[in-house]
Structures are given as structure tokens and as C-alpha cells.
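The structure appears right after this line, and notes come after that.
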Amino acid sequence: MATSTLGRRSAGTGAAPARRPPRGLPGWVAPVASIGVPVAVLVAFVLLPLVFVGVYSFYSLNEMSGLMQTDFWVGNYREVLSSDIYRRVLWRTFQIAGAATLLALVVAYPMAYALGALVDPRRQGVLVLLVIVPFWTSYIVRTFSWIGILQRDGFLQDALGWVPGLPTDLLYSRAAVLIGFVHVFLPLMILPIYASVRNLDRRLLEAAHDLGSPPWRTFLRVTLPLTLPGVVAGLVLFFIPCFGSFVTPQLLGGTGDLMMGNVIATQFGEAFNWPLGAALSIVMTLIVVVGLAIFFRFADVDQVYG
Amino acid sequence: MVDHDVALREVTKRFGDLAAVDGVSLDIERGQFLTLLGPSGCGKTTTLRMIGGFEFPDTGEIYLRGEPMGRRPPYRRDTSMVFQNYALFPHMDIAANIGYGLRERKVAKAEIARRVEGMLALVELPGLGGRRPKQLSGGQQQRVALARSLVIEPTVLLLDEPLGALDLKLRRQMQLELKRIQREVGITFIYVTHDQEEALTMSDRIAVMNRGRVEQYGSAEAIFERPATRFVADFMGASNILDAEVVDADAGSARIRVAGAALTVSEAGLRPGDRVALMVRPEKLRLTAATGPDGTMADGATGWDATVAARVYKGATMAYQLGLPGGHALVADVANAPGGARFEPDQPVRVALRPNDAVVIRG
Amino acid sequence: MDDARDLRSATSPAEPTVTPGVDPTLQVTGLSRRDLLRRGTGVVAGTALAAAGVAGAAAAPAPKRSAPAVLRQGAGEVVLYNWYANWINEVAPIFEQETGIKVTSLANYASNDEWWAKLNAGETWDFFIPTTDWVQRANAADLLTQLDLGLIPNSANIFPDYQNIAELRKDDKPTALPFTRVYYALTYNTEQFPTAPTSWEATWDPAHGGKLALQDQAYARVGIAALTLDDNPLEPQKMDEIKGRLMEQKPLVLNYWKDYQSGMQLFIDGGATVGQLTDGRTRMGKDLGAPIAWTIPQEGALLFIDNFAIPKDAPNAENGHRFIDFLLREDIMLRQMRGMRYDTVNAAAYAQLTPEEQAAFAAPEGAKLILTTDLKANVRKSIDDLWNEVKLS
């Protein structure tokens, strides 16, 4: 492609200098558009809102009217950092999101492995699509559906009530929150693992078998380490939305399943304390960003590739 | 009774409608370097993979040291495979790659380290144990793959076109090295290649395969000198193959008609009327300027009248392309001896060969 | 945008609604003492509001006409922004026919903070429906037009007790007129409770452990706990005791529900037998066949009001007045009560109802109702913290 373009250009300038390039757009349009559009989208939909939240986080509330006033006040941050409540909420958020992420890994890995390694490659496209399809349905709707499944006399009890010892009254519990998270965000865990399984060189597995590893040893010594980059990507992609979520614990959680997302949503929606909500949001964002930076610094994923 | 490391009995493997391996039987003696030779799709790799346990025969049986393998998986077979693309584990260093099988066999760490060092010395890569596969050249990776398989001391080492990715010079060098290592470790090698020259260089025995069957199984010399079938002759690089018919035969020789001339060949067991093919090595043909009556020459050689179509200077020899009556063609390689005769294009010549130099192919 | 209010059709108006995909919003906010209540019995929390007063309707004095303010008047048009789409869309053509004023409806909002954000960003319109606490905030931010009741003669239809609510006035002139109300009621299963429970203590009764459904809202939980301690729900003092009560209650709770749909569902088929819901959602659940009813316990209950208002710089403020007057007319308000089934504070509309219909809306005689208004920022914060601690425990 490059050569043909070059050829055409030199022919044009040589033979007929006045002739325009065959396409109507000036040459700078493509590079500027290809860089500029994503940058503009990022600025408009990620950076600018974050800047606004950042600005709000330094506002204060007027003591008389309770209204937000433009100000430069660090009191919101002092409140966030000194309060034992927010520290405990943060820890609980981390526990819930972390447990959901590990559970999702256990569920997603076999699915991703089966999809990438056992299914005929020509059929994988359709199945990958089926993995993604639930994403087209609203997160809220899918979460609501679990109420009907998990509640007392719900679908789960109807279907599996005869199994002795099976808990059928799971709604409004930590377990329900974890189930809800796993269901709602599962594609985020499956897809990167699937990609790494698909890229796995099958001959390496044969080599391991050949050298004496039965299947489970092959999995531990070859498959798992080589799909680790996908696992790491899945863990990160899955954890982050759980960490910031508030709808799932709100709809499915028990009386103690309080996450930071709920606290922040309350500050904006009920407590009319946008500055404090903004400061909490900024702190959460910083925790994720710094956490990711540390994570990728110590978990040297590139090393796996040699 | 010969000590067989590997034996195949009527092994057939189908992929869909296609019989990739079709009734193959082979006996491979202990300590031999056997090559499965053939064009792509001939079934040689499938045969190798069945010996390694990566595929299982539909019918027939494979025996290792007399024991039927059935559907035993690779990790329970005493074979080891060197893969075409090396298949080194990218997430492990070289020492860990070579020690992989030993660790799987619960060998003590110190012992693993010692044997890995020994193997690195054998394949002439001392001190590279800490590198990653990506940091090594193709030839070095090949040696690591070899060491990784040898260190577990398999009964049979299987090699699937292991030199295919190397350049010619390195390839030649590795051929000799493989042969050296095979002699040193003394175990059976089964080697798959489509390169007849490589096969001739390395093998004690060659099985030439075509369309899932073994066309000929024998020593390198026998395969090259006396191909059993026209396919083998062709695949081994023969240029002069002519259709022929037996005219007359007695106990030790026969007269056959080929390209308009009658030749006497030393070949037993032919009967008048048999349709056969005649293979003549280009270097076995002799050219003279003389034209004379058709018939036997002074030393018993027979031959044709021909015309030089073209000639190509090849250094030590001159290659003549010759036109024979009836549109047949032959190639003759004539040594460029000082003072030797030279023939010009369009010059009529007489082509002669001794009865012992003509190979009759019946298949 | 879809009609977010469809979800709450036939329930109470001031009810904070969570629609899927939208943050839960808070309409109820503060509870603060009103002058009206302060003159009452001296109960700390504020006094009983003579409830559901059909009785007061007949005696309602005509409001005093004040001099008309200078109003900006545009063309014959009125621009609406609201969350009562079902009712408004039904009656707007009648208004157009009667007055010749053209009605334009902006997309509906699902929570108060939506109009708040738009109004603060400089958008405007001629008519909208804020909740009481948000009227207070809007007054503080000077976002509302002072209403000329001379242009709204039907404001006389409003119950006398609701005519002079201080939170709906700025500089002693009304900036919003109340029209519907909702109670955070004690809701119970009539099969489990043959007679209505008389006290919030029913929600602390271990006999109902695991069958308790309560709203996940700091001000409601703290406020009701305060009522059981004779504390002021609008500015509670006994914070430690309140926290103790809520901790004591927590193990009995099946779920703290956040959105009203979920709350209602808990009482219909989710296993809840007693707890706190709204009168409107209880009415809706009963319409759907659930054996449930609501009551106002002896300690009292929180009351919320939806109001009509006009933004400060409305382009057609006079037509906004005419539209409010139209909506306060008894026949128009009656359509709301029979259609969307929110309780109203409109005496004239009440008078049109059959006794059976009135019974479905009416709070018990003499019930103590505390109008919830905006809380002081520091009170809000300490209630928030307390509730978070309870949930964390």
C-alpha cells in the first residue's frame, strides 16, 4: 500500500504537477483524525468529568443554606482521610470486590479454556458472541433478574429445592452480591483469558505430555503460566467495575453489604453533599490508579513471554 | 531374533475419508537411525505422532520393546519427541526446559542440575542454562529441544523435521551433529524429513512413504541404488527413467526393449512380456562419437543412437541432454577429464551402458 | 426520555423513586421544625398535623390577594418540566382548549437533582414540580418566582393546614404550592396482623425477625428511631441511643430496600410482613392483590409534599400561574387521584370522592405527621455517619 501511494505521488508530480491527489481529503486529515478523535473522546468523556469532580471536591457547603459554594477547601479530603467510617467502607468494598473477582476467575477460566482450546475454531466466533450478548442487556435488569431467582420461593428453590443442604434463600446476602457481580461482569474475565488460551501454542502442551506431564500437571506447569497475562488482565478488568459498583449490593446485598459506591451515590443523591461525594470519588479513582501502577510494576507480566 | 525397539503392524489412521497412514508395518532395530522419508502428506508425520502417542491408530498396533501401546498417552510412553518448531517453554529458562522431564520424574534437584549441565555439554551449549529460549538462535534452540528430550533417556527419540527451519549451512552441520549424538547416546532415532539428501546423509535405514504406505524400506544405499518403485526412484532424484518391455529372459539376465533399442540387463526373474521401467544414473552413461551397427559393444555394453540436444557445464562433469528415437530423452553426466571427448549440440552420439548399471524397476 | 413517572403511577407523588439505571435519589431530606408545627403540642418532634383533613376543607378561608408582581409575559405558550407525565399529558389538551395557550413539555425528570442541575446550568421553563426540601434549597439559591396568588384563585382549594408552610415561602411570599403528599408509613401484612400495629415497636419485635423490610435511608431510619425515643426526628439529640436502637433492630431485618419498587415487592412476595414503606406503594401493592395495609403509628410518621413552582426567570411566568391554577381545580386534581392515585392536599378534590375512596387515602384520625424539610448540613452529616456505622457493624 505504501509503495503504491508513493508511486502514484511521484508519477503525479513528475508528469502533471498540477494534478491533485486522487482522494478529495487533504493529507493531514487522516493522521489528525486518527489521533485527534480518540483523544477528543477521552478528554470529553473521561478527563473533563474527572476534572469537574476534582473541582467540586474542593467546594464546601454553606452552613446556613446547605448549598454548595465555590470555594477552595480541603476539608472534604480531611474528612475522608481521617474518618474511620470511610476506611472501613473501603476495606469492605475491597473484600467484596476481591472475593467476587476470585470467584469470577474460578468460573471464567474453565469457560474461557473450553472456548479457546476445546471448541472448533470456526465455532468460537458464535460462542464468543454469546458470551458478549448479555452485555447488551442493562446491568440493572440483569441484576433484578437475580432477585426472582434467589428469593425465597424463587426460581432456584423451585428448580433445586429438592437437593438436600442446598441454600435456597440466598437473596439479601453477601453470596447474592458475589453471584450478581460474577454474572454481570463475567465477560470481562472470560474474554482476556479466552484470548490468551487461543494464543497458546498447542505444541507446548504436546511437549509437556511428551516429557511426562499428565494433563493436570501440564495445566499447572505450562497452560496456567502461559495464560497468566490473560488472567491478570481479567482480574484487573473485573475488579475495577466491582470496586466502583453500588447497584449490585443495593439490590442483592444483606444489611451489612455497604460498598463505597453506595456511600458516594448517597452523597450525590440523598445527602446533597456533592463536594464530599466528589472527594470520595477522587480518592477511589486514585486508589485504583495507584493500585494498578503498583500491581503492574510488581507483577511483571512481560516476563512470562520471555 | 533381532531386537526391535519399535514395531508397527498394519497400522492405519484415517482423517475423514483420507487414509493418512494405510496399513504400515515396520520393524526398527535398537540403536538405529531410521528416517521416514516422503513428500508432504505422505503420512510420515502421522506415523511418527502415532509412535509418540499423539494420535492413535484406527486399526493395527504399535509395539515399543515388544509391548503393545494401544491408546496409551504420550506421558506414559517411553518415547520423546523433538518438535519441528522446537516447542520450548517460553516461560522457563534453558535449564528449566531441559530439566522439565526430570522434574516430572521426581529426580532430586541437585541431580537435575548435574544432568542438565551434562546435556548442555553434549549439545555444546555450556553456560547458557540461564537464558530464555527467545534469546537463543534457531540452531541453539534446536539443540536445547534435543537435550530436553535426551535427558529423560527415552527408548526412542522421535524427530519431526527438526532441521526444517534452519539455513542450509547450519542444517548440514546439525545433520552431522545429530548423527554424532545418536552414536554417543546409542538410542533409536526415528527421523521424519522430506529431504532425500538429508535422509541419505544420516540414516541407517530409510522408509520411503507415499500416500500412507511404505514404498520401500531398506538401507540408504539400497534405496538410492536400487529403488523398488518408480516413485522411489523419482523421489530419490533419478533423472533417467524409461518405460521398457521384456523381450527375452533367462536365469540371470534379460533382453528388454526400451526407446527403440534392445538392451541386455543383469536382472533375474523377469519373464517375456513384463512391462517394467529402466533407471539409469546419468553418471553411468558413456558417450562416444562413433556410430555403428546396433548391438553389443566391446565390453558388453548396450546402447542407443542419440543426438545431443544441449549441454551444461557443471564443473567436474558435463551434463548432456540427449534426444533418443521416438521422442525419449536421457541425461548423461560425463567427467571432464583432460583430453576427454567433447560433444557439440546437434552432434549424433552413441550412448552406452553396462548391463549391471541399468536398474530394472518392476513397481 | 421515557416517562419515568410511569413506574410510580398510582403511587404517592413525593415518593423518591429509583428507576433502573438512575442513582437513587433523595427527595426526603431534612426534617426541620416548622412554625406551624412548633405552635403545637410541645412534643419534641413537632406536633400532630390534623391529618387528612377533609374536615378543614369547608372552613378554608379564601387566601388574601396580594398585588400582582411584574411578570414576564411571552407569547401564548407555557413550557412544562415535570415527573407527573401521565396526569399532565392527560389534562394539558383541556388547558389548551380552555385558554388557547400552547403547552410544550420538556422531557420528564426522574429525580429532583436533574432539574436542579439544569436550572443551575441556566436552562429554564415555566412550570415544574419540586419536593419540599428542594423548594427550600431553591429558595436559598433564589431560583423560584414568588407566586401571585391573585392569578391562582384555586389555591383556596388547598387544605388550610397546608396553606402557609414556611418552607414554601421566601420573604413571606409563596414560591411553591403543595398538591400531593406521601407518608413513610408503617406497612404490615393483614394476615399476620389482624389489627393494625399501633407502634413502630413492631419493627423491633423479635417475633418478626427476618421478616422486616425497612428503607435504606439514613434520615428515615434515624428519624423513626428518634420518634420511638421521644427525640426530634428533624434534629435528633440522642444519637448514641438511636444508634443502639438501630443496631438492636438490624439482626431482625430481612432487607434494607433502596428503591420503592423493590420495597413494595418485598411486601408482595419477598417475605416481608412488617416494616416501613410509603402509603402510595402500599396502596399499589394492595391493588395488585397483596394482603397489606398501612398505618400511622402512635409515635407519628414522616410526611413529604410535592409542590407546583415556577423558575425565577421563566419566559412565560404568567401562563405558568394559569397552569398551576388549572391543575388545582377540583375536577383536574380529581383525575390525578383516580388516575395516578397520589393523595392530595386539595379539599375541593377530596370532597368529590366517595367515602370508600376517601378511606383509601385517609390517614388515621389524629395521626401525628411530621413534615420533612431540609436538614442542616451538619445534622445531615452526623445522621449519614451514624447510618453508615450501623450498616458497617
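As written, the chain order gives the labels A, B and C, with residue 1 at the start of each chain.
FYI, contacts are C-beta pairs under 8 Å (C-beta built on N, C-alpha and C of every residue); 3 or more make two chains touch, one makes a residue touch a chain.
Owing to the predicted nature of the structure, the values given are computational and were not obtained by experimental measurement.
Enquirer: Which chain pair has the highest count of C-beta pairs that touch?
Expert: Highest contact count belongs to chains A-C.
Enquirer: Comparing chain centres built from Cα atoms against the global Cα centre, which chain wins on proximity?
Expert: Answer for the innermost chain: A.
Enquirer: Which chain's C-alpha centroid is most distant from that of chain C?
Expert: Result for the farthest chain: B.
Enquirer: Measuring from the mean C-alpha position of chain A to the mean C-alpha position of chain C, what distance in angstrom results?
Expert: 38
Enquirer: From the mean C-alpha coordinate of chain A to that of chain B, what's the distance rounded to whole Å?
Expert: Measuring from centre to centre gives 57 Å for this pair.
Enquirer: What is the distance, in whole Å, between the centres of chain B and chain C, each centre taken as the mean of its C-alpha atoms?
Expert: 94
Enquirer: For the complex, give me every residue of chain A touching chain B.
Expert: Residues of chain A touching chain B: 201, 203-204, 206-214, 217, 221-222, 225-226, 303-306.
Enquirer: Quick one: in the complex, what on chain C touches chain A?
Expert: Within the complex, chain C touches chain A at residues 20-21, 23-26, 29, 111, 113, 137, 140-141, 216-219, 250, 253-256, 258-259, 262, 265, 269-271, 374-378, 380-381, 384-385, 388-389, 391-393.
Enquirer: Chain C touches which residues of chain A in the complex?
Expert: 61-67, 83, 85, 88-89, 92, 138-141, 144, 147, 151-153, 171-172, 250-251, 254-256, 258, 263, 265-273, 276
Enquirer: Would you pull the chain B residues touching chain A in the complex into a rising list?
Expert: Counting only chain B, the residues touching chain A are 52-54, 73-75, 79-81, 83, 85, 87-91, 100-101, 104-105, 132-135, 148-149, 152.
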